[in-house]
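Okay, got some structures for you below.
You will see chain A twice below: alongside chain B first, and alongside chain C after that.
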Partner chain A sequence: MTLWFLRGLRRGVVTTRYPARPDASAAALPTPPAFRPEALTRALADRLAAACPSRALARDGDALVFDVGACTACGRCLAEAPGAATSSGEFELAATLPAHLVKRIPLLAGGGAAAPATEGGSP
Partner chain B sequence: MTDQRAASRSVPETAAELRRAVTRQFGRSLHIRTLDTGSCAACEQEIRLLAAPHYDLHRLGFFFTPAPRHADLLMVTGPMVRAFDIAARKTYEAMPGPKLVVATGACALGGVYQPDAFTHGGVGETLPVDVWIPGCPPSPLALLQGLLVAVGRLAEKVQDLSFIQNGTPR
Partner chain C sequence: MTAVRAGAAALPGLLSQLGRDAADDARPVITVAVPAASLEDAVRRLAAHPGARLADVFAAGGGPAAGRDAAAAGPVVLRLVWGLDADRGYLITESEIEGERYPALSDIAPAAFYEECEIYEQFGIRPGGGKPLNRVALPPQAATTPGQAPPRLGRAPVEPPGDVHALHHVGGHAFEFPFGPVRQVGVESLYYGLVTSGEEVVDLYLFTWHKHRGVEWRLQGRTPREALFQVERTEGLGAVGNAWAFAVAAEAALGLEPPAPAARARAVALELERLYNHAAATAALCQSTGLVIGQAAAEIALERLLRVNAAAFGHRYLFGVVDIGGAAAGPDAAVLRRDLPGAYGELCRAADALLATNSFLDRLEATGILTQEAARRLGLVGPVARASGVATDTRVDHPGPPYAGLPPAVAAATAGDVLARFRVMLAESAESVRLIGDLLDAGAGPGRAEPVGTEPGGSQPRGETREARGGPARAGMAARSGLGWAESSRGEALAWVALDDTGRITRARLRPASVRNWRGFDDACRSQNVFTDIPIIEASFWLTVAGTSR
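And now, the complex of A and B:
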């Protein structure tokens, strides 16, 4: 608190320059995940969808449907699949249409070895 | 503008004209009324921080007002509980036009609650939302960006994001 006050006195201004300049504190914000398609299998996508508490993730065929608007950046998908999901670092997420917030992420790793019986059985 | 000129314009042209009109009218001074429709108050906490010295939204020409009659923009948080239907409608109708509605936070965007007997599960079906701000809660920076998108001073960014990361495996 004291340091903050003294620094403010020295610099003369404590107000962020955003949006003219990026704000340093933005790097510390919790942000929605970004996914690596080549690490995503159908089984993993199902696991991610089950782990998501706010129904932001769902699997639709060979795509992971990610509703950024529903995401609470809780980090459960990052814990479930550390190799396939990382924090995106994006916080400027305002949209003029809700459809702009729904992203389709292709599952490039295919059916995967974790669930061959269920995925291979259906034509 | 005459009706003939209006009819000869395409939809994108009309949208661009409307966007310019909103920027002209709201770009320098805009009054915000917040509406809590059953949120946990985390969004309110972040909205309150907008007025603190670090974010200081007054420098950008945004102001909070407690009166809907003075407000240009309605900032709605929470999943729109059904008990709030009449109050939400009255607040919206009390605002003078033109007016903007901003849905704030994952609840308002339909992420946290399903529609059931107690809540609509989102703001979209009750009020005509212009801008959607994700986040749980959205940080003051995200709120600032959303407000600037609402008045046309910043372009929407999320439309072009893919949320696909093409990095090397770690």
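And now, the complex of A and C:
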């Protein structure tokens, strides 16, 4: 403990650098999706929202609302829209406010009328 | 898997038939309709049948209208699932209960008491005899929160269940020491009612309802594939075992048989799950005995095993591997062959050092003894039962693909103490590593059964049913049900699923191994143990509260 205290005094910091080194195993972890706005239509956004089991996705007008805090990185949206969603590779999601975890992604591909609710929607 | 429906009169003939079917690897599941008036007699016969154990008891609403509108459904149907281990089959009795009473099953099969309490809370029917029942699932505030209906599967009981153990007494110099439900960091919510005269544990009872999430209630109305998401999360440390049992149940209902490589992929994931859980239990044993160096060594092994999981399957806790009809992900065989020996070697080094540390072994030996008689009486499963001389293992007793061709050696002991459970876990870990090698040699990969009715080359992707894509499974298909099981790291996981004619779930029963084994925990704690033995016993059981409070 004394050594850590003296080390902190000498360097002016009491914590270690983070990460000490890149974690090679992180590449194998599932991570929340990243969406390509130019590939998103309203219909596709509705399908993505229906496919999301943790209700992290919803469509609000011409935006896809993505609550990263509710995402479990299950990968269902990647399977539903491989051209519009990719794995972000980002798993460190700390934020000072929950609202900072909610993203609004514009639906730049427009078009596509809102799809009717699918039968597979959550009850 | 074959399912037969018959009446109670056919019971003796069916029991002898089971053994013959099992010889053909038919994995028989027999369903017998037993009138409520004959239920007591049937339970006595089955309880006396050699190798039979009551594996689960659950209820459902009487018809397709059951579920969230269960109050409008017909009579409650009581189902008893019997594991006929000697005959390598399962038998389900179905009894329609008119009125609010049924024969007291726990008077004949004591293992049924927990489920009698659960069924009373969920469906409002109770066993005869007027014995007091405990609160086991819904918290007291569930029924009184304004504007919030409790996640109940059927109608509410007339009188709310009690909040204390029915047979619990405090007298003489004993006093009650409440502990929980909030415990130390990272440990699940659980309330111990400890009765003690100072240091010795006189009695112990548990409240597990603080964590109840109504998972079975939430699965109603979903397709099996939608439901799989919640099933995997019912008990995070048992994701593969529970998902596999649920998938087998859904596959039985849908008539699907997974491709052989996919079945082997599931088994690789299941054995990896067993490995990391046993490593975690080893670390917990070290923590509970204050052996921080041993704990660090075991946690290094645990972390390496979790990283192997992530590299091999893409998820540290192996979520997303099991699929309805097969496996959504296959193992990276090269990664497993390269990294698993090192990670397992880490566990072996920690275990070897622990087995040579007398101060550790002294705390484990003769602690938390569970007798063979108690393990049988309470219907315990997994390493807890095997360490008490009940060598039941569904991979051997009820083998399905791929274990029918790759039977594991079942590790067992007779002492029934914490040390016996630790040794059983270590032996099972070695066997899991051997099995993974054999499974990889045979070929393991993703794949899904081709559902009936999908046109080859049609517009639907290979292996996708309309059900899988969120629509009905098959228009006009008959309502069906199925039973599934898997040998999770904690023992036999069971699931039963009923689907309506659109392929949606009307009732899903999940019975993780934790549900069975918690009922043996208080017996083990009472066997001349002191306060400080309780964390050691809990680590050796390595159960989850989430699994029982689902």
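Some observations on this one:
Note that in this section the second predicted complex is superposed on the first by the 94 of 123 C-alpha atoms of A that agree within 3 Å, B and C clash if a C-alpha of one lies under 4 Å from a C-alpha of the other, contacts with A are read in each partner's own complex, and residues count from 1 in each chain.
Methods note: a contact is a pair of C-beta atoms (placed from the backbone, for glycine too) under 8 Å apart; a residue touches a chain by one contact, two chains touch by 3 or more.
Model, not experiment: these values are computed from the prediction.
Annotation for chain A, partner touching more residues between chain B and chain C: B.
In the superposed model, A:Ile105 makes contact with chain B only, not with chain C. In the superposition on chain A, contact of A:Gly75 is made with chain C only, not with chain B.
Looking at the shared chain after the overlay, A:Phe5 reaches neither chain B nor chain C.
Using the contact criterion defined above for the overlaid structures, shared-chain residue A:Ala50 touches chain C, although it does not reach chain B. In the superposition on chain A, A:Pro19 makes contact with chain B only, not with chain C.
In the superposition on the C-alpha atoms of chain A, the part of chain A touched by chain B in one complex and by chain C in the other spans residues 25, 29, 54, 74.
Residues 14-16, 18-19, 23, 25-26, 29, 32-37, 39, 54-56, 66-74, 82-83, 86, 88, 90-98, 100-101, 103, 105 of chain A are the ones touching chain B in the complex. Only residues 53-56, 59, 106, 109-112, 124, 129-136, 138-139, 141-142, 144-146, 148-150, 154, 156-159, 161-167, 169-170 of chain B touch chain A when the two sit together in their complex. Touching chain A in their complex are the following residues of chain C: 68, 220-223, 226, 229-230, 307, 310-311, 314-316, 319-320, 469-472. The touching residues of chain A, counted against chain C in their complex, run 25, 28-30, 50-51, 53-54, 74-75, 118-123.
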